[in-house]
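The same chain A turns up in both complexes below, where it pairs with chain B and then with chain C.
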Partner chain A sequence: MTTKSNSHPQERIGVYVCHCGTNISAMVDVEDVAQWAADKLEHKGVVIARDYKFMCSSLGQELVEKDIHELKLTRVVVAACSPHLHEKTFRTACERAGLNPYLCELVSIREQVSWVHTDKVAATAKSKAVLSGGIERVLWHEPLDPMTVPIHPATLVVGGGIAGIQAALEIADAGHPVYLVERDASIGGHMAQFDKTFPTLDCAACILTPRMVEAGMHPNITLMTWAEVENVDGYVGNFDVTVRQKARKVITDLCTGCGICEEKCPKKVIDDVYEAGLGYRKAVYTPFPQAVPNFPVMDVENCIYFDTGKCKACEKFCPTEAIDFTQEDEIVEFPVGNIILATGYDLFDARRVSNYGYGHLENVFTSMEFERMNNASGPTDGEIVLRDGKTVPDSVGIIHCVGSRDMNYNNYCSTICCMQGLKFAHLVQERTGATVYNFYIDMRTAYKGYDEFYQKVLEEGTRFIRGKVAEVTDVARLPNEEGKLIIQAEDTLIGKQRRIPVDMVILSSGLEPRHDAKEVAKTFGISCSADGWYIEKHPKLDPVATMTEGVYIAGCVQGPKDIPSSVAQGAAAAARVIGKIQQKEMALEPVRASVLEDQCSGCRICNDLCPFNAILFHEDTMLSEINPALCQGCGTCVAACPAGAITGTGFSNEQVLAQIEGLLMDMSV
Partner chain B sequence: MTEKNDFEPTIVGFTCNWCSYRAADLAGIARIKYPPNVRLVRLMCSGRLDPTFVMKAFAEGADAVMITGCHPGECHYLEQNYKALRRYLLLRRTLVAMGIEAERLHLAWASAAEGIQLAREITEMVERVRTLGPLNWHLNGSQPEVVSEAAIELEEVAA
Partner chain C sequence: MSEYIFYPGCSLESSAKSYHDSLNIVCEKVGITLNEIDDWNCCGATEYFGINLTPAYALITRNLALAAEKANGTNTVVAPCSACYLNLAKADYYMREQPKLGTQVNLALEAGGLSYKPGSLEIRHLLDVLIYDIGLDTIKSNVVRPLTGLRVAPYLGCMVPRPDYEKRWSDHEHPVELDLLLEALGAEVIDFPLKTHCCGGHMPHIGPETAYEMLHRLLTSADEHKADIMATVCPMCQMNVDAYQGETNQYFGTNHKMPIVFFTQLIGLAFGATPKELGFGSELVSAKKALAKIGTAPPKTKKTRKSKKKAGLPMPQPLPTGIRINEEEVIR
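On to the complex of A and B.
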């Protein structure tokens, strides 16, 4: 327990209050805070208190270093931004000056004071209180040495879309092993379903499939399709991954990918995944001709044999006896050092916007249906036709922002739908000559070559109507509306309601987090934003790392983005992982619990509290011991030990109790 | 209690490094405003919350204490926030036995994305404590009105 008098008379504290330009100083009288610390907390050991424009600048850091040398500081407290931003900066500065980095404390007077309060007097008073808390706390800091852990050279990449493929290839090309785990039967992701990509209009398959093949053949990549990660244990550098290899009912070692089983299978099933419900597949199938790997999977729910016990046509005709109806799921375990999550997105379900008619008006199509329809190998052989399969539309309406920028569904902009809508407009015009109407809220074409594409589509004669569509209906009011779909929208540029009769409507649906994003996040110990996208460590400066060391994110899992950005993130995440692997070991925060043997009564209360099984009980000595390699530093056992025999470095009882005293220094009676 | 109207409570808030502390950061980044009455302590996990910390805060003059952590099922350390929940429930009983209103201790879950929610929790807490008035329990010997045991039990069952 702490006492009101200075229990550490020998310590010499330097206090630094940052202006952060005007970010802090506009709401906190920083000079007053520094002066107050110098005057009122001198008895605590404060030997110098300064305020400075930008503490994190090199000049600010040098100020600290110089004071450590000249004034023989033994503790440093910086009142500035959140420790999540600059704790490392000032710890490093201390280290450079020869002071143990863990003898530095950062108190937040920006995120928790100046940016959230509106009364300068109160904000200044609160700044003093939190600074006082930091000063009391820092007295109890101990010099610590970071723990180093080895980094396992293998990496787990989850999700075989373009972001995951890119990440896997980069790491594999650098010479390190990669496990690429994909839930579906083939890698390729959403991109494999597209026909053309904006703004260059190159064929998606032509640019994607070589990368898929490369990933499939790469000697450093272990490809696991039709597989899901079930569990992850451990920590950065030393994760233990458990993967469920779902039963394909096909022995991949024997299968040659000849496709005879698929050909002979008598059961036709609507393919609502790859063909977006427009086409059919068999009960044993490869999702698409260029699938990697090219082994089929068996859809047990639709297979006649599993239903009636008869058929086995695939088995009879398979030339290599690769069909195995008895195959079971397999659990595969392996260690990795780092993890990249590239699990992508789900397309917004357009049925939810019932006033747009998808699901009950037959000629309303989703963007994915249109992509498939457009594809030469798709269900209509690349013909743009109405639901009847033969009529070419004379007029087409494309509705932007379906499920995006809409308070009823998702507030965010899905970023790709404008360009997608423009691409559709171009393709419809090019292939059918139909009149195309694009209904948009704002046109968002901000990227290399994107606005040029928009200009091109404008020149081609597509009509653009700025306004949110109210409804799509087949109820005609005028003779020219008979038999058509009528799009009712407010044209905000002319200030009028308009009714546009068309033959076909395409909904440019937005992107949503995967339906199971939350559970997956839990498996990997990372967090989701309120929308459900995974949260990056820093929105600007660390977009592919997460708060969990060793777990990275890439592609749409972090937020809606187009192909170039997904590829860039895949490569960026890979670069981060390669850097870690090449260091071979890394320093971890030495925030760990340990048992004081002479105080441990052997009651074992702590034993069952640890979720990481880091606490061992020695029957011979009747003492508990904490394995520092397994301990993650949560501190639950520290709080629970009835004898106070467990200490937690960085967050000891003394440190927290002293901080509370300091925080409430103005409340003492 | 005439000074109740201009009474500004002081509240100590315990935050988890992974969620609620980041929510506080996010509230700052988004410039969401809340009253300056709360002073935050960062712990690695709400499971680190030693009940002594709460007692210490009250003893040092805090009018109320907030415990914040990850939502149930979202703990960075798997399940330690459930331990915080249990301690919170027990602590409230202890506080009542000591003559402190149970409302002076509040538990709020806030994920790293919930800056707005955390700011709202803080604002509401400040308002509640403003109505309760200063704690002053170590000064006046009189027992404040406390919630009945039955009411607490009811909430415990719900939790």
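On to the complex of A and C.
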């Protein structure tokens, strides 16, 4: 043990113990910890040990800087909060005083000590051990220099919903090129399916389509619809993106978007995507009248020609010969500097809640079906009718929290359903005069103008029943229930079971991560929560960045949210990207891993473990190599390598072992 | 040949004898050997748990202890009665969840020189074994007399699909296992909305009006769906629907004549066994008229011309019936 300190006899260490107001000092005797370090660890090289109320304040930082100058410190150890919060602060302070910032070590005595313990004596002893570990470790630190990489000015935006459109437009307006890649035939996303938006009830299409057109026409935006990102290589500033442009079977250079092919196509297919299964489309189609771009796509699976070899009606009637049955998928590759993921959400499949009867009982509808029904361009031309296509309902029940706040399905609140339910209630009442019942667990109408809307709907005479619905059934018990759907629910405000007969039931289905969210996260090297929502770098202070440099998230991909929040996140992500582009080049953390080639056995264990896809395997030499720009220095591969062939700057074996020895130091001597 | 430990339960000795007889025939056909637990006792049915919990758990667990002793190459206990199935599963589950309960129960069992380690046995219902171990293909291949033309209401009652501690069923509210099984026999299965609703349990004895009300709902719905017969997996459901149908009719002034039999009786029929050996005839509401329908081809439906009238809106597709929806298969 002593040999280690002997190998660093010349180091001069400054130790700083923070009170963090009373966050630390209430549970840890910080003066004692500092005094102890000064007395007992002098032989390790500690030349000064101080405690201070707020080390992160400018006065606290100046203290460190002054000591570096005056006491000729060569190492700094700060015992305070988690490195996540203030490592950068103290590294910068060291740098200002002329010390390489990577010679500073932060040990956490707040998150890992004062906040989690209740015994002050034991907490103080633990703080000393943690500090001792930090001191042993810092002796092995080496000065490091950040690596700078150029930033490519182009940005990839994945997902053409309102969040993606907003992000693309902001970046394009700032003068930078954007690739907007959308899986469906048109941009617009879920918002394009809606009729009205809460709480202002402005028409969704009226506010969305101008933005869609703008994105479609913008000289800085390359729009790629009917396309999917297949692969992403590289690192922040220098990503190489591979996109599969699916075959439209329509030559877009020739197509004028006249719509004759769609008109003449004899094959009618239920439209599960845009019409939510409530309406039909043709086998060659543009999903909706305002689609951007306005070129149709061919649904090969349902096309009569691809099935039987006959038909070709679309080709026959196309005035510009734009139909091309032989068209194949195309692979397009391009470099970008930053990526924004705005891939949105899937609607919870209401068939899973079998007691609500969706799929069994014909007049049970999902929220998305109702949105389409209510939409003037939808399958009923905006008429609110039952499944028979003609009967106007006299009474409608709207069930909230379907698949949300339910331990059988999703525990989380989908946030938009309360307001959506209120919007539906208003629209049904306005357009049909029907009696509307809202079944809710809790009414959640936070944000601007939302609660006022709730009060307005209350005044309009909508009935509100607070309680979870047990069942929707067509089995009547009383004469007035005959031929109706009966909603059985506990009314928790009067403490009674109620059975309410209605003509139509609308299920306010919750939001779920995209079914392929996990695979997509892997393609982009980011992580998602157990639910499948993508994880932001910090839930409060960095909500649109991810742990992977250069990859940002916006909209519902990060969690359920409404249109204003999605737009705000799209703009926020764009602002972050524009900031990065304007730096032209950026410094990368030098804390990263590298493979010692002569020790690597080529076992590839590290390849799959890397959460950032930073490890490349060379088939010819049978060696793994770590891309220094992609590596985030997490250390997973260092720990996993069976040959010990991977070492990390900042977390070398020597550093970690020294830290452990420090932690285990005998306090009694 | 699949071997299982068998817990028949009291009903199968008496009121549900036809269940016992028919399941023996069916099991033999599909290659199931049932090894009955020696000296088993009553499961406590629905009543005992309402009176005194620990003795109730001890009573039921005695059977598990005996079964565990008997376990010879298999650790699966099959219970055909839904109350037995639920009680066995419940005891095993709660003893695992609450170690204190397990200790208490084992202390009681010690008096008889027995003990049971919770979780050491799998407790399954006969329907579950027939569907998931034997499989629909084997069942189909044994059908010699398809139940063509017979409209059957599949009725599970409330205790088999819920609470489903081990997640064995496709859905708690609308499980499809019994439907698929009856369909495999060639029967016309109605989409019975009350298939998991309660039959009234022991209410005929303590609050008959409540029981009549619940039976009335079941019978009315089965009639509305034009069922010829109800098929159940539960002796109590069979007893209530069968024995109290007359009183229900009297109480409501209705004229339901809905026979209810055990699903194994219908399987046996399709497998070619005689109604007599399957215990038909012991039901109070006679199944004779329904049985007469089997073998007669359904009348051909007249071809109608396509209506030019504007069609209604399309219905959502029902969930694909991959019987049990695995974690991976869950449709998002």
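Points worth noting:
Basically, the second predicted complex is superposed on the first by the 569 of 669 C-alpha atoms of A that agree within 3 Å, B and C clash if a C-alpha of one lies under 4 Å from a C-alpha of the other, contacts with A are read in each partner's own complex, and residues count from 1 in each chain.
The rule is simple: contacts are C-beta pairs under 8 Å (C-beta built on N, C-alpha and C of every residue); 3 or more make two chains touch, one makes a residue touch a chain.
Remember, predicted model here, so these are calculated numbers, not experimental data.
When the two complexes are overlaid on their common chain A, residue A:R351 makes contact with chain C while staying clear of chain B. Of the two partner chains placed by superposition, only chain C is touched by A:G389; chain B is not.
By the touch criterion defined above, A:E362 reaches chain C but does not reach chain B.
By the touch criterion defined above, A:V130 lies against chain B but remains apart from chain C after alignment on the C-alpha atoms of chain A. After overlaying the two complexes on the shared chain, residue contacts for A:T380 are found with chain C alone; chain B is out of touch.
Looking at the superposition, the partner that touches the larger set of chain A residues, chain B or chain C, turns out to be B. In the superposition on chain A, A:T242 contacts neither chain B nor chain C.
Judged by the touch definition given at the top, the superposed model places A:G277 against chain C, while chain B stays out of reach. Residue contacts after overlaying the shared chain place A:S594 against neither chain B nor chain C. Residues 8, 10, 12, 18-19, 21-22, 24-25, 27-29, 31-36, 39-45, 47-53, 56-57, 60-62, 73-74, 76-80, 83, 87, 111-114, 119, 138-139 of chain B are the ones touching chain A in the complex.
The touching residues of chain C, counted against chain A in their complex, run 171-174, 191, 193-194, 217, 220-221, 310-319, 330-332. Here chain A touches chain B in the complex through residues 82-84, 108, 110-113, 115-119, 122-123, 125-126, 129-130, 133, 522, 525, 527-530, 535, 547-548, 591, 609, 611-612, 632-636, 638-640, 648, 650-651, 653, 656-657, 659-661, 663-664, 667-669, going by the rule given at the top. Against chain C, the residues of chain A that register as touching in their complex are 270, 277-280, 346, 348-349, 351-352, 354-355, 358-360, 362, 366, 369, 373, 379-380, 385, 387-390, 471, 473-475, 477, 512-513, 515.
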